[in-house]
């Protein structure tokens, strides 16, 4: 357990993907969830195509954000309840690698499917084809940041695993991702330079990969004390 | 325990509100959550006032729907984990009343605050003042339906308390609420007759109050059989 | 020996008791200074300073709005830094300061938002506009709320303190990012239709009372922080003998 | 005849996914009697309790309460049953006192609640949230129901787990008192009770039939 | 001198919300020795284990591992510790075999895993999801780690809960074997062990100081 070279990264990555797959029967459910929400939007908002395509960049990002929020809560709460978090905390290695493993698993189960599926939603909302590549790139980077930041909130709210409280903590921190993410797509739609906002997302990801695991391991230790 | 005249309605209502208040420190958190999500929308979508007010009726409803989804999952899952669901199942009275008590508590904590807060969001999105009353009425009725339907999903997904799975189950059932709810506001904005869609919401509520508790008690018994 | 000296100094600084007793002496002076500054600033700003050429008298709300905004922003850093000090050196007192800073900062942010909205009505014709600075201020309010809310999650004070500190540190990294991104988002989407009147271009007669008010607000902030922290100390240290002694020494009547 | 039969189980069987769990169960429980269900881990004791509380439906066989089949007297039966299972139903967010009040019959007086807390040794913890209790203390909160409840039939699934020696004695005393008042107890435990006279019933795994 | 001191605890204390939990703890554990922590419910046994695994920070006192303070040899210490607490860390969504593989050292062979499952009596359940196990069976999954682990120091917080009599014997056999191989065991239990020679250490509640 967690004694290999990668210090537990791979072990936790595999385990969490396996559990996600067992729990949901299969991994296609997140995909269906995205499609379903995407279907709902035209129902709630009058479905004239030009109106929809105007708000599409923002909607895809709000969707990504909510999917992360809905699922990130369980990142540590089950491990906390069944005692495996204790086992993680007493592993001799650093906490970083297992934590990054768990977050990567979360991204592979939530962020990646959404990225791969986004072209369908884009066509639905009559987004121009030229915006596809920037959209997918921004989603791939941005959802990873969302998972990382969400994990900080999940660690800090552990003893109460509070859905709404977690949302309150992380949503303000999600703002930059949301802004640069939708700005990337919007810029591509408007034919402007979309590399600049995309680069900002990449920078955010770099910062988050370095800082979030620190905050998370501190948070997990504190939570056990709570 | 649950032996009084109302057959457990009041007992479970009080208990669940007390737990909600303990868990979140206070009951103001759902309010902040709504405000926060409302802030995100203009950030993701270009914030010109006329664009925002065009999509506002739909957005307020999507917001209500998501708040319910985020919170309904815990309606039974904690009781299941700590054994109090077992105690509920072996109470000699009918399950209806305790279940309705729990759902009412959920609505008081989530649906009612959202309804009371919606004028702030409406001003933010530059919705006309004349749409306020229909909006609040539709939210009051509609969020109750959302809680009832959500509870069915929560009962059916119980042993796995699956965030995404639950969303997948209940979202199709939420469609009518979403459609009539946003139609009420849209009609009021457009100066049309908004009583018709509101009446539909009231009818949905009547049906849900009768049918959902049945489905929920069946679901809870099945879940224990696992 | 030097080392020893350093540590007693450090220890004293971190001791809630020392803080409580020291501030007892500063408090009256600070209160008087705050009152003097605020009264001077308000009278000068509201009555003496000339009315604005374009906005008339409605501009006078600036004397509440700008100081509140400035101190609300600074307050976040004060909170986060005291949290960091607590985490690194395990000083209880700085956690207490952090905890006290959150509600004060939230209140000031709220004042900034409300006065801004009130000012917005006569100048822009609307209470709210999705402007970059305004939006980031709103998000700051939620960051404060998050720190306040988190402490109810923990029953153990120490854990609650540390969790709050971690969250405010994460927020501190994010505040500039949020500010920049919101700013950027604005310029990207639409040309700024509304511009703040630049501060340096202000007339000195209007500017001087503003400076007085800003200093007054900082002074008020320190006063509030000390009072909140003192209450927090009593609440947390109620078991300590010096607190018991303090309470029993109080005259019973009144 | 004062010692009437409280609970009678006749050739009760349970199938899950078409697999039968234990050999058909037959026993009778009279008022004033305690019956201990024995069986190795996984033999189906917990499942049996869930059958007896009608949480799970039985596949065949009959359960009768005071000579009546359970289906005919469900309300009366369940009103007279106190069941404490592996999960004790203690809510972490509520205090010890709130939990006990919530789990006790409606008309329980405040004095009775605090007396019960006194007996289980939790008076000092009355205002503490149950999330902050130790494993044994949580168990004691659930067991305080033994004192506040008015049910005649106790169904206790491993009541002794996590309890220290005084705790075990305490439960034994409660049980003896209940029996003396004409109550009946069905319980499972891997430990033998020192002070309570019990009969045993052993759950046997099903032999594979060829 | 072959029986070196494995773990030494000197006037260890713990405060939560400024309340001290137990009287300062002092004990020494040598290789080949088992030490049973005694104490009533809520005396702080679980807390002590969390101090010893550095999950919680201690307020004062010193823990040393092989004569070195814990802070100096954290990696070496934790690599040599096997801790099984109240919550056993068994994941409900995984099968018995997957769980054991996941909880065992990396290089554990398949044969060793199935041998361990054989010993704890779960061979037939290897492919069953742990959500579908009985309380005692779940505990046995966790205890199978006693066989696959290579750690020298075992910290077991109430290993015997939910186990039937054979299960208790099984744990005792594992413990004896571990001791014979020069391992050390610190455990808490409200039951007395029949077959393992143990020393006791009693956690005492703190007297209120005036």
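For reference, chains read A, B, C, D and E in written order, and residue numbers begin at 1 within each chain.
Rule of thumb we're sticking to: contacts are C-beta pairs under 8 Å (C-beta built on N, C-alpha and C of every residue); 3 or more make two chains touch, one makes a residue touch a chain.
Everything numeric here is computed off the predicted structure, so don't read it as measured data.
A.B. asks: Which chain maximises the distance between its CA centroid and that of chain B?
C.D. replies: The chain farthest from chain B, judged by C-alpha centres, is E.
A.B. asks: Starting from the Cα centroid of chain C, hunt down the chain whose centroid lies farthest away.
C.D. replies: Greatest centre separation from chain C goes to chain D.
A.B. asks: Which chains, taken as a pair, are joined by the highest number of C-beta contacts?
C.D. replies: Answer by contact count: the chains A-B.
A.B. asks: Please work out the Cα centroid separation of chain B and chain D, and write it as a whole number of Å.
C.D. replies: Centre separation, chain B to chain D: 37 Å.
A.B. asks: At what distance in angstrom does the C-alpha mean of chain E lie from that of chain B?
C.D. replies: Result: the chain centres lie 45 Å from each other.
A.B. asks: Roughly how far is chain A from chain C, going centre to centre by Cα mean, in whole Å?
C.D. replies: Roughly 33 Å separates the two chain centres.
A.B. asks: Among the residues of chain E, which are close enough to touch at least two other chains?
C.D. replies: Residues 86 of chain E each touch two or more of the other chains.
A.B. asks: Can you pull out the residues of chain A that are in contact with at least two other chains?
C.D. replies: Answer for chain A, listing residues that touch two or more other chains: 23, 81, 159-160, 162, 165, 168, 171-172, 175, 179, 186, 225.
A.B. asks: Which residues of chain C are in contact with two or more other chains?
C.D. replies: 139, 142, 145, 149, 153, 155-156, 158, 182, 185, 189
A.B. asks: Quick one: which bits of chain C touch chain D in the complex? Just the residue numbers, please.
C.D. replies: 155
A.B. asks: Could you please specify the touching residues of chain C with respect to chain A in the complex?
C.D. replies: Result: residues 87, 139, 142-143, 145-146, 149-150, 153-156, 158-160, 162-163, 166-167, 169-171, 173-174, 177-178, 180-182, 184-185, 188-189 of chain C touch chain A.
A.B. asks: Considering the complex alone, what residue numbers of chain B touch chain D?
C.D. replies: 1-4, 11, 15, 18-19, 22-23, 78, 81-84, 86-87, 89-93, 221, 224-225
A.B. asks: So in the complex, the part of chain A that touches chain C is made up of which residues?
C.D. replies: For chain A paired with chain C, touching residues are 152, 156-157, 159-160, 162, 165, 168-169, 171-173, 175-176, 179-180, 183, 186-187, 197, 200, 204, 207, 211, 215, 218-219, 222-223, 225-226.
A.B. asks: Under the definition above, what is the set of chain A residues touching chain B in their complex?
C.D. replies: 23-25, 29-30, 32-33, 36-37, 40-41, 43-46, 51, 54-55, 57-59, 61-62, 65-67, 69-71, 73-74, 81, 160, 162-165, 167-168, 171-172, 174-175, 178-179, 181-182, 186
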